[in-house]
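Below are structures written as structure tokens.
Two complexes follow with chain A in common, the first pairing it with chain B and the second with chain C.
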Partner chain A sequence: MHSNELFLKDVSGFLGGYYAAIALMNGIAAVILWQRKNQPGWAIIWTVFASFMMVLGSLALSGTESTVPALPEAARNLVNSLSGPVNYTVGTTVLLVAFFVYRKFFVQPMVAWTLFNVALLLMGLSMADQNFALIVMKADNVPIVGLVFLLAFFTWVATKQAVVNDERIARGEPPMEKVNDEKVLVWPDLVYTELICMIAVSAFLLAWAILLPAPLEEPASSVKTPNPSKAPWYFLGLQEMLVYFDPWYAGVVLPSLVIFGLMAMPYLDFNKKGNGYYSIAERKFAYLTWQFGFLELWITLIILGTFLRGPNWNFFGPFEYWTPYKVEVLNNVSLTQVFWTRFLDQPIPVAAAGSSALTQIGTILLREAPGLLLVGGYLVLLPPLMAVTIFRRYYAKMGFLRYMVMANLMLLMLSLPLKMVLRWTMNLSYIISIPELSLNF
Partner chain B sequence: MAIGETIRNSQIWKSIFRHPMPLDRRNRIVVMLTNFFLHLHPVSIKKQGIALSFTWCMGGVTFFLFLVETVTGVLLMFYYRPTLEWAYNDILALRDVTSLGILRELHRWGAHAMVITTWLHMYRVFLTGSYKPPREFNWVIGVILLLLTLLLSFTGYLLPWDQLAIWAITVGSNMARATPLLGYEGPGQQLLTIGGIDMITDGSDARFGLLGARFVGEETLNRFYVLHCIAIPLAVALLLAIHFWRVRKDGGISGPL
Partner chain C sequence: MADRKKMSVAEILAAARAEKAEAAAGEAATQASDAAPATEDAAPATEVAKPAAAKPAAKPAVGKDGGRPSVAEIMKLARQKSAGEAAAAEKPVVKPAAKAAAAKPAAAKAVEKPAAKMAPLQRDTASILAAARSGSKPGPTSKADAPASALPKPKPAGKAKAPPRPVPPKPTRPTVAAKPATTDRRGFLSIAMGSFMAVGFTALSVTGGLFSLGLARFLFPNVLAEPPSRFKVGFKEAFPAGKVETKFVAQYGVWVVNSEIGGEEQIYALKTVCTHLGCTPNWLEAEQKFKCPCHGSGFYKDGVNFEGPAPRPLERYAIQISDDGQLEVDKSRTFQEELGQWADSASFVTA
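Let's turn to the complex of A and B:
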């Protein structure tokens, strides 16, 4: 455990400052609450919490294994053993759904502040783990930690206002944004805000640049492939999709569809309500679709790809050592194999060597019939079926073309979670597999 | 005070600033109309529209970061040569020899921050429904700007020419060889043959077009350097101008209709 002691010595200064910062933050919060006089209970709680953080900070500064506050080994091992793509995805989904359903509860400032502090505390305790710190403190990964906290904060800011507005709208009152129609001069009201923002961002960027050196590894070598080889962090969601799809779909078609879908969005959303103010109730479908695509598919996959995918793109728990020797059994089968050999107990159809092009095409079509029918049915039959059932109202309002674009974009977006579930439950590799055309889906 | 007054009354001052000091209501209006840098703004604005809890200031911060990237980028170009011989050494020298050794840090962290603030800006625009009419087209321009921001970051990622750089770009650009029809490992490329000769090979496919070579090498470094320093920033600058102009023309900062 010699290396761990060295590591704790290294990290103790950071952790001391970290806990002191949390203490300061909560101290300020307590003073503000105390001055407002309406929540003295919470003021006391945050004062006690701040003192507790000071204690943790002093313990951390000592830098020895017995004193630096850390999660118990058993807890870390438990988290590692529970971690996996399935639990991660299901867990984040459950969490996001819970935040959405009980948003009225979670947007209360004291609830949000408690969660924020719990997150910070867990983060601090985890940072005393060498494996965790190694990944999270990797220079290029630091922005993603920032992104997670910023997204949580801004989602809270937006949801809080949406909850208030939705309650007002339900009572027949206009949204908060409309209440105050007062106009002010841009000089000084806006230009000064902009100036202060510029100074704040500059200060923040300077501090960041001084504290954290930019990464520079060994000189480039095209013969020494690092393991894992990762794309820049903002593309790691796409790289994670490669687990479930071939590059032509995960790396080319889906990203193009994301860009196309984003551009098409204002022309597909016919709902005139919710324009220029925060609201969820007035545009639930658009809101949920967006959050599913952005928070669930884009952001959580980036976090997964950055922090939890190690050598050979294997999944590692947050406190697990990234060994390149971890072996994961890959026994994926294509739908073609499942259908012909398992279900029909027949050999997979193969065209005789030297047979005509037409015979070969016919054999491929026959061989892949189950997958082609399934995908064809999904993309061709589902849109009209949905148009007369769940999307009846949408179809009537949108017209044929707009509806078809929307329905197909939705179905293609859902192809990712569907494929994930099929992989986890049936070890399915491909629904359609035509290696003759490099076409695997 | 007297010196200040003398300066403000001098011919030089008056030739530069077309307006008196914005100290009273009239001159605060005049300054917005007559100053080049301020004329992007309206004269007056809805108070709720500029509330931080409403706008988050993220579009403005993104633009400011673009300016920071431009300035630090130009300074970095003084020190950096995009060749196999010098690229890595110049970055080393930037860290170890050059004074103001945080130039690359400012540029790199500014770039990461710009990607994040772009996303947050779009997040806010979505959550307030501000992409809705009459702002549909400006949202589309915004999506193109998002794409260009990611490409700016992606092309810049290669320039330090270390292991992190070339392998991230190798992994990222490998996708292009799977482009349907146009990538040599992509579905359907087998169909593009003339007289039995493959049209799509590793020397003619989409990835080759992106890298300028069969693998990430000196041609790629040069290509990404030009894209990163000239082509994409120019495109971004043009689209930003249209983006801001449309914000004004489409009714300014959004708010309830």
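Let's turn to the complex of A and C:
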């Protein structure tokens, strides 16, 4: 408890400023709403909220345990006990799906502003927790917090424009971009804007470098790996993928396929609509595939890796102490073991010591037959099957080659969530495991 | 000459040319009048020589508008001059056409003289520059020009009078003897570049070869600053049953473990490299497992993987009892379980 008091004294100044900043922001928003947008009702709501934030700020400045606004202990424990890789992934998926399905509701500025304020308030309340603050306020992670908000904002802006355009198109009107297609000159308009941005960003980076110095660590040693050991933030999605796959697949094949797939995208896309303007309704398949690959399979994994993966790459709740001694039972089995010992109740086939290379290879193939058949069927049988069922229209429009490339890229992309689900539900390590040849899938 | 300091290089050159030209013109005139009495038939030949010598030299002094000559003008003059020179120089060498046969001895004499006299004239800067310029243009200006400019330029004497053109039509007949040795810059460059390239690539390959040899040498240094691959870790008694010794990790990257394997108590040395992506796992005494901080791979005390993405067990180093009874680990040999190498008696010591 003593350390918590010290921590609160430390953090109270920051929290006071934080709440004051939220209050100021909402005050400005209220003035704009009142004078420019003529929405006095909302203006009053945000003025009240701003004064509430001022109260929270002054309470936070006091710096004592009883007064600093924080989430109740019970709520924190509940969040911790509910968090885990499965709940996290399912939760984010449900959230993203809800945002997508009810996008017409969420793109309203006042709804978004409310959500933004709630997120900021929750973050302020959480930062009174030592464990949470330790991770979120780490110099490495501060920009990632900023990036999360920035990404949410840009996704919201794009969705809003798409929703507006979709409504216009449904009414038979041209999209907004066609209406406001006023030309902007490169010189001086664009170049001046870029100059101003350059100066502003330089000033920002300068201030940042002074205020948040990079955390320097001890000299590197090949026999001492920091715990936890984290990749740079933009590769944390990759590190999370590596938890479920052999390095050659998650570290080499999948990233190459991502790059290849991004390059192939314009050639696979046969939908002429949505060119030069935002639209979701006109390009549902393209939009959903992209957002699934980007938001679900990359961004959420980065957030997971940054804030929720602790020592020994164990999963920790947002208010949990990062102890290296956390025990998680993760006894994995390979499909080979499941198939031979549990399903057939037989010993796993092993080539006798000193047998010829051909016998050994034959034994390995027999041993891995279920996995090989499964993966082979997934990649060879599923594309034609999808061509005559769910993707019939796509197959007709794309032709054999383009369809096959698209189907295989999609199946390989889906191999990541499938493998994750298999790991969580069956503790499955590998579908094909041939450690003799370092070939595991 | 005091205002020369204020002149540009081109102006200085022009002034020099003007001075020399005056002298040259006078000389050429006297030579021509000397030759005149010899024979009336020689007159056309001397006339050829006269403008060739006098005209180009006199002209550059003043540009079109009295200022510095433009590049085009310089080029034009240079071409005219070279044409004249070629005409003058060729006469004695190239056999004249049948038409001129009658006048041959006298004409040849007459021309020879100015040609010989003109030779010292060429030593001045202006002439050398002009000669260099006349040799070739920087590049072909048209398709028709390209093959023509690649050939030597012998010019018949009669052509000198014709108005100068940017691309004089030339006979395709290659006349090696007529080629002015000093003026063909393109030929010189091609020879020079050719040889430069050859020298450059030879030097590059030699350097590359030497560098590779040096690199190979660097990879096998005389002295290794790393700990020896064979080292003693102590007597058997220092490793009680069930103990994982972690004190050799920092220096040697090895755990020495005493554990029961298949009903037999063995001491073996595990390599501290995760078989997933090569991080160094930690030994967790309370959980009795090796746990990798990078992706959460877990290994039992015997090194067999059981959680996380590691696809195969940790590797063992060779271990043996040395002459003095101490355990000796040899890092130069490793044993992999999935290849059935843990059965090798060099991979463990019976406790």
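The working rule: the second predicted complex is superposed on the first by the 425 of 441 C-alpha atoms of A that agree within 3 Å, B and C clash if a C-alpha of one lies under 4 Å from a C-alpha of the other, contacts with A are read in each partner's own complex, and residues count from 1 in each chain.
One rule holds in what follows: a residue touches a chain if its C-beta (ideal position, glycine included) is under 8 Å from a C-beta of that chain, and two chains touch if they have at least 3 such contacts.
In this text, all values refer to a predicted model and were calculated from it rather than measured experimentally.
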{"item": "Which superposed partner A:Phe339 touches (first chain B, second chain C, both, neither)", "value": "neither"}
{"item": "Chain B versus chain C as contact partner of A:Thr225, first or second or both or neither", "value": "both"}
{"item": "Which of chain B and chain C A:Phe106 touches, first, second, both or neither", "value": "neither"}
{"item": "First, second, both or neither for A:Val201, with chain B first and chain C second", "value": "first"}
{"item": "Partner touching more residues of chain A, whether chain B or chain C", "value": "B"}
{"item": "First (chain B), second (chain C), both or neither touched by A:Gln239", "value": "both"}
{"item": "Touching partner for A:Phe49 - first (chain B), second (chain C), both, neither", "value": "neither"}
{"item": "First, second, both or neither for A:Gly251, with chain B first and chain C second", "value": "both"}
{"item": "Which superposed partner A:Val186 touches (first chain B, second chain C, both, neither)", "value": "first"}
{"item": "Partner chain in contact with A:Ile210 - chain B first, chain C second, else both or neither", "value": "first"}
{"item": "Shared contact residues on chain A - chain B and chain C", "value": "221-222, 224-226, 229, 239, 246-247, 251, 436, 438, 440"}
{"item": "Residue ranges of chain A touching chain C (in the complex, touch as defined)", "value": "221-229, 239, 242-247, 251, 311-314, 324-325, 327, 330-332, 353, 429-430, 433, 435-436, 438, 440"}
{"item": "Touch list for chain C against partner chain A, complex", "value": "249-250, 253, 272, 276-277, 279-282, 284, 286-287, 291-296, 298, 306-309, 311-312, 338-340, 343"}
{"item": "Contact set on chain A toward chain B in their complex", "value": "140, 143, 146-147, 150-151, 154, 157-158, 161-162, 174-191, 193-194, 197-198, 201-202, 205-206, 208-210, 212-222, 224-226, 229-235, 238-239, 246-248, 250-253, 259, 262-263, 265-267, 269, 271-279, 283, 286-287, 290, 294, 434, 436-440"}
{"item": "Residue ranges of chain B touching chain A (in the complex, touch as defined)", "value": "22, 25, 28-29, 31-32, 38, 41-48, 50, 52-54, 56-57, 60-61, 64-65, 68, 88, 91-92, 95, 102, 104-106, 108-110, 112-113, 115-116, 119-120, 123-124, 126-133, 135-136, 139-140, 143-144, 146-147, 150, 153-154, 157, 160-168, 170-172, 174-180, 183, 185-191, 215-217, 254-257"}
